[in-house]
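What follows is a structure written as structure tokens; I'll ask about it next.
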Amino acid sequence: MSTVLILFCVLSAITLLTAFLTIFSRNPIHSAIYLVICFFSIAGHYLLLNAQFLAIVHIIVYSGAIMILLLFTIMLMNLNEADEVHKPRFTRLGAIVSFCLVCLVLIKIFINSKPIVEYDYTGEDYQSIKVLGKALLNEYMVPFEFASILLLVAMIGTVLLSKKEKLEK
Amino acid sequence: MNNILTQIGIENYIFLCVTLFCIGIFGVLYRRNAIIVFMSIEIMLNAVNLLFVAFSTYHQDAQGQVFVFFSMAVAAAEVAVGLAILVSIFRNIGSISIDNLKNLKG
Amino acid sequence: MTTLIAIIGLGVLCLIFEIFDFRKAIIPISIIGLLAILGLTVSEFNSPANYYNNMIVVSKFSVSFSSLFIVLTIFLVALGHNFYDNHQSKLSDYIAIKIFLLSGAVAMVSFGNLAMFFLGIEILSISLYVLAASNRVNVKSNEAGMKYFLMGSFASGIILFGICMIYGAMGSFDIVEISDMSQSAELPIWFPIGIVLVTIGMLFKIAAVPFHFWAPDVYEGSPTLTTALMSTLAKVVAIATLYKLLSSMHADINYSFQIVVVIVSIASMTFGNIMALRQVNVKRMLAFSGISHAGFMLMTLLSLSTSAGSLLYYTSAYALSGIAAFSVILYVCKNRENEDVVNFHGLGKTNPLLAAILTGSLLSMAGIPIFAGFFAKLVLFSQTIQAGYLVVVIFAVINSIISVGYYFKLILAMYTKEPNETRTGKPFLIYAVAVVAILLNIIIGLFPSLVLDLLA
Amino acid sequence: MNVSLILIILLFGALVTYLAGDKLASKVALFFGLAAAGCSIVLLNHFNLGENISYISQWITSPKVSFALKADGLSLAMVLLTTVLTSIIILSSFGNDFKNSKAIYSLILFMSFAMTGTFLASDGLLYYIFWELSLIPIYFIALIWGNGDAEERKKAVVKFFIYTLAGSLFMLVAFVYMYQKAGSFLIEDLYKLDLTVNEQKWIFTAFFLAYAIKIPLIPFHTWQANVYQKAPTLGTMLLSGIMLKMGLYSLIRWQLPLTPLAAKEYMYIFIGVGIAGVIYGSIVALRQKDLKKLLAYSSLAHVGLIAAGTYALNLDGFRGAVLQMIAHGFVVVGLFFAAEIIYRRYETRIISEMGGIRSQSPKFTSMFLILVLASVALPTTFNFIGEFTVLYSLSQINIWFALLGGTTIILGAYYMLKMFQHVMLGETNTKVFAYVTFSEGLTMIIIIAVLFFFGLYPKPINDLITPSLEAILNTINKYN
Amino acid sequence: MAMDTNLALVLLLTPFLGFLINVFFGKSLGKSVSGIVGTLSVVISFIVTVSFFLQINQTKQAITIQLFDWIQISNFNVSFGFLLDQLSVLWLLFVTGIGSLIHLYSISYMHDDEKIHSFFAYLNLFIFFMITLVVGSNLLVMFIGWEGVGLCSYLLIGFWYKNQDYNDAAKKAFIMNRIGDLGLLIGIFILGGLFSTLDFASLQTAIAGAHNVDTLWLSIAALALFIGACGKSAQIPLYTWLPDAMAGPTPVSALIHAATMVTAGIFMVSRMHFLFDLTPEIQTIIAVIGGVTSFVAATIGLVQNDIKKVLAYSTVSQLGLMFLALGFGAYEVAIFHVITHAFFKACLFLGSGSVIHGLHGEQDMRKMGGLKKAMPITFWTMLISSLAISGVPLFSGFFSKDEILMTAFHHNIPLWVVGSIASIMTAFYMFRLMFLTFFNDFRGTEEQKHHLHESPALITFPLIVLAILATIGGAISLPGNSWLNEYLAPLFTKAASEEHGLGTTEYILMAIAVVGGLVGIGIAYAKYIKQNTVPNEDAEITGFSKVLYNKYYVDEIYDSLFVAPVNSLSKFFRDYVETGISSLVFGLGKVTNELSFQGKKLQNGSVGLYLFAFVLGMCAIVSFLFLAQ
């Protein structure tokens, strides 16, 4: 057991645990907090894999933007645990069943598959900001621009959804 | 220095990500609170992102990480739109439980 | 590639028009612009090329489908003139979103890289979420948007996971590379899993059983024009993309995979048709009908190498009849609370032309000759039999029979019931769209080679 | 000059009729009907002179479909039947006052167009398309201009539509299947196919479903009586006079030559089915209360015999079947028209509410009686020729078939005369039976004249159809 | 030949022309003119026939005329052709001859009927079809006539169509005839199939030359043809329509149901003698059926009270005798009886018509009596005919009936006994009829009595002519010196009656027959003149005579055996089977509808459920693809 592996295990444990807690917390605020922790642990994974830039971006986008958005909404709507309707038993059952099923099926498949023993190592830099930037703005220039359209659409969409109409009856 | 995955094993990442992904699925199914469902979906997306990075390392290739950026953009856009819809629902029916969304059926 | 840029440019233009308060010009300009883009696209038909590191691949396939999408968008934009006349302040947003949606669609059929594919599908989805929920004061619309959003992003997650698996196996997002590598023997299991997951995600988008549950609810709840968009454009885009994906990844080699397609296809048609029988809401009925049509379209996946032409034909036939039908529905159900069959009573007397058009489009969907729907089914059957799946064809036939049941329910309502209320006004654009769509349908029905031979 | 001209006339006629407006519609339609009939006669002449009046051109490249109209004697005979009967049917409707008459007349011509196409098409797919197309006009005719309770009618008509469509879709599958083997839908290529017995059996069954429903044979006939009853008489005439001949024609043209081995193997069964239809139809007809329903069941009986004749797979069977098709076409149109004439005066179709017409209108009675007698195949009427030939062919297969099939002449006489007795004879009716109008009389006289003429001199038709039937028989016997 | 053809066409088409004239212009022509036209057309035919007869009697050559091809069958063509030979000309003679007389008779008899023109039209049509039947050169042309006379019989029985009972009778006649027709058709099919021709002449050669043909088929064909004959000639089991057919006007009964149409069966069997000669077992059947029919009909005739019914059963009985002769291959004997029977039975019917006419429609003999004085001509002519039918020597019936019985004696003693008893009964009921009608006192109403009168000359003239013929008709075939046999010799190679000359046996037989006939007359005399018995009212009839009076309940038996089951089957089919099949079809629709209904519950609007289905579907697909192998 190398340190890396131990680190991986710890991070993984945190990730999974907080993910679970996110779901099980009755208070949405708690969920949000757990989710943030989860995201941080994922950022830890990124760091572990030496993807520093991505880790930072991840924290900025998820923890910074998305989570804030979510929290903001929760605040806005003034939600608390009482709002949660009691879930019928078969819903829980269904959720658990499907969780187990998907988990088992996928994991089983991967266990069945041939284990990977050899890993390439080129020694080249492939994940520094510089390389990523080049890839993003050369090779992936079109998707990059296209992503902006995506964001534009999302923007127009949210505006459309929340804009009050003058003529609305 | 060699590939870090030599020490961890790509399978472990796959297992982790699959589990995380499944937790996301579980959350979507388990919770009726739309916000939490959103969060679960984010968990799913993050699981995939993590896997992308792992594969990126596995292949020693930047494209996987580039893709994560797009994935993040998508996630952000989705959340924005989702929340906008949620807000308008909340304005209309004063609840964000997806159990209340049963007008359309049959 | 120019198509994509032009479309995006047009979308931006729409937004700019709003800023400069040229609202009235938006729809005409969009239509003209789209027509120009259509011409532009068609001109690329015989010059296949790759652009930007193989991000965009212009091929006959992509051009034909892009053209179809553009035509459909033209119709949908034109219909918007009447539909959004109470929402003038949002008009530019609606139109812009539709045009961006078109750009996503075009990206989806001309992607050369999974990144483009993913972004395309997300643009499409997000636009649809927005459009579905766009009637913000209407609870049904909200609900539809929410349901679609929840399930759609769930499906997006699955697709993303699939892409990730493919990447894991191949180390590349480039479709050509993947295609090349998929021919080699030693592939990690991740690759097939990835394909399957992506397929499942796409099956959700085209509303195939068992991933179809969202469709009826969302179709019913969404504003009618959005429903039209979803049932025609979105479905067609999804199936075309799925086709392209699977054919470039040689998914048809795997026998079990074909079995899955067979089962899903049969289940979709059967379930869709049976469920449609007892529907009162026309939009909902068409949703189920769309599910069954998805089943039909899936049949093309059984002979991936040869069926591009028939898929194009089927989708064109289906989409054109769908547009015609929805334009009538738009006319009939404007300012109505719902889209129940009751609203259609006596349309044959009050408005014979539209009734005839709706009849025509329903007959086309049912697969009655001279309408394109017939040939669509025919070539489909032909190809499927060739692929050796007679069983699917027989199910398809039985389903065609069932489908007549509910299509005719509507026709009967139009011709045998007494009209309950007269409608005034003859919105030119709706008429124009309906007539043009059904005429196009009949034309490609009479001369199927026009379309079939494009991708032969 | 080729046969596509007839199609063009009819299609164009449908369009012009619609544009002509309600007042002129019937006359315009009649004009085009007559034009088509005239055209078919002229073409017949050309055909007899040995000219090529077929038309073929590539239509769809992939799948390979041609717009192929081939005219041989059999097709021409059926086309003549269609066009002439269409004219007669249009003429017969002059006494009716339809609302939106431009639509109905236009639909009639369109239907005639589709049926003519069915008889002419020599490309499987083209044939199928015409076959399906003919369904749509009659659906609307029955639905919109039909009589009786709207809900009941709707039910009957929809059942009819779905039923027939269901059958024909299986036929489509069979066609597609054969296309895969032959690489073409052309009938010549399909004839050349060498299918295994098993394949043939499946194809045979698929075709049979389509035809058995259309003709109809028992037990697929349940749509028939109701639709005949509910449809306007015009539609009933189209259905019974021409449309069900499409099924019978197709047996000869498509089903049997394409699947000869299966046909030979199943021959006895399907002759049996046909004959069972004869007996069943006759017996059910006995106790019908509604005149049109009775005629529907009589039609069931007659077509059963015709079908049995075709399945006899010999020249006499074919020839008799074709003759009987034509004869039955005329006679059944005449009978339904007689029912309509009565309806126009008494406003009822219930037999028990009629009676005592003879003393009021002897002329009509005579004409009606002649039709009844023709229907029961009295010698010197056309029907006798057909029925005799068919029964003869059956007797050559097995004398029992002829005997059982022959019960039609007993049972047929029974129910027809019983009907005649209760409709026409008896004490003078209290309701006034107005004189038969000119157009009504003319229609009846034309039909009667045709029946007698060909009853005495069937040779022209015989000479027309025999070569083509022999050719088809050769195809059927190619394995021997 | 052209001359012959034209003449033959005149022969055939004049009645048809008469029919057409009467149909289209009858009403405007007026009653008398219409009748004259009708009569004239038949008279012309008669004259033509006579010319043919003279020609043939001289040349002994059959005349064949081919007009045009009619029906094409794969292995043969049926042409529209005529065959005028001894047999057909003989038949034509009495068809047109008696036909003319009866037309003449009808002018007066039907004078009061408003539809007299259609009556004549139908009669002319009948003559036309009868001629077709007789002169047809092949089985199918004969079949035209065969069905055509059936049609005319239908039209004429139901002439008074306002009465639905009459219509029922007409329908019954037509349908029973059609049963026979089916038999005939089957016979035609078999012969056509076997010998590839339906032409009489070719058939004869073909059958004579056919050695490799299975005789079973020949027998079946013969039997089938005989069934046809049974229907037309009212033999057991298809005889019940004939008594009912008396619903028609009396001239019709005389012409169609006594003299001509009902003999078509005999004609056909004689025509096809070459076939029947080869199938002795069928001949036996014919003989037996003929004998039994003659006996059964005679027994029923014993107790009937309707004057026309008595005559009808008598006709059936006499026809039975003819078939008896046919069964023994004695065609010329049968034909002889046909001719004499035509004379006296037509006379009897016309006489009864005269009586009915005089009594203004009364047909019940119990309400007659004593008409001798009022209607002398009618009485005397009918008496002569009755003597003839009873077989009193020197009258025509004596010779013909005697020859039949003699033939029977030589072939089959039991049948001879049966035939003889039937003859005795015939004598009895005929004189019962005579006595009840003409003797004693009138039993009708006063008013009828007041109006009693002899019929006009147009009615009595045919009676007189026929009575004369009935008297002297026997001359054409006197025992030992038979002109008829000679005349027919070219046709029937094997003449049954010439095998035996007139020996002692024959004279004894003759004596027995004569005595028997006289005994019958005597009994009748004793009962109805001496004791002056009047038959009981319907309700009072008991015992076996009730069975007889009710015709052995055959109609009721047929009704419950055939008609009722078919009708109830029809009702069953209509009410249950039809709806059954129909609901089966609708049931399919209902099932899918029900599925749809259940399916709607599945679509319950819950996103959770939808996603659950999604996930399950995904798992199913994935595990199927990756775990199943």
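Things worth noting here:
The letters A, B, C, D and E name the chains in turn, as written, and every chain counts its residues from 1.
Keep this in mind: contacts are C-beta pairs under 8 Å (C-beta built on N, C-alpha and C of every residue); 3 or more make two chains touch, one makes a residue touch a chain.
Bear in mind that the values here come from a model prediction, so they are computed numbers and not experimental data.
Contacts with chain A and chain E are shared by B, C. Under the contact definition, chain A and chain C share the contacting chains B, E.
The most centrally placed chain, judged by C-alpha centroids, is D. The highest number of C-beta contact pairs joins the chains A-B. Averaging Cα atoms per chain gives one point for each, and the point farthest from that of chain E is the centre of A.
Centroid to centroid, with C-alpha atoms defining each point, chain B and chain C lie 27 Å apart. Centroids built from CA atoms put chain D at 66 Å from chain B. With centres defined as mean CA coordinates, chain E is found 77 Å away from chain C.
For the pair chain C and chain D, the distance between mean C-alpha positions equals 42 Å.
Touching two or more other chains at once are residues 10, 14, 21, 24-25, 28-29, 32, 58-59, 61, 63, 66, 70, 74, 77-78, 81, 84-86, 88, 98-99, 101, 103-106 of chain B. Of all residues in chain D, those touching 2 or more other chains are 162, listed in ascending order. Across the assembly, chain C contributes residues 115, 119, 122, 126, 129-130, 133, 136-137, 145-147, 150, 154, 189, 193, 216-217, 405 that each touch 2 or more other chains.
All chain pairs in contact, by the document's touch criterion: A-B, A-C, A-E, B-C, B-E, C-D, C-E, D-E.
Of all residues in chain E, those touching chain A in their complex are 608-609, 612, 615-616, 618-619, 622-623, 626-627.
Interface residues of chain B facing chain A in the complex, by the touch rule stated above, are 1-12, 14-16, 18-27, 29-33, 35-36, 38-40, 42-43, 46, 49-50, 53-54, 56-63, 65-66, 68-70, 72-81, 83-88, 90, 95-97, 99. If you check the complex, the residues on chain E that touch chain C are 589, 592-593, 595-597, 599-600, 603, 605, 607, 609-611, 613-614, 616-618, 621-622, 624-626, 628-629. Touching chain B in their complex are the following residues of chain C: 114-115, 118-119, 122, 126, 129-130, 133, 136-137, 139-140, 142-147, 149-150, 153-154, 156-157, 160-161, 163-164, 167-168, 171-173, 216-218, 220-221, 279, 284.
Across the complex, chain A meets chain E through its residues 91, 94-95, 98, 101-102, 105-106, 108-109, 112.
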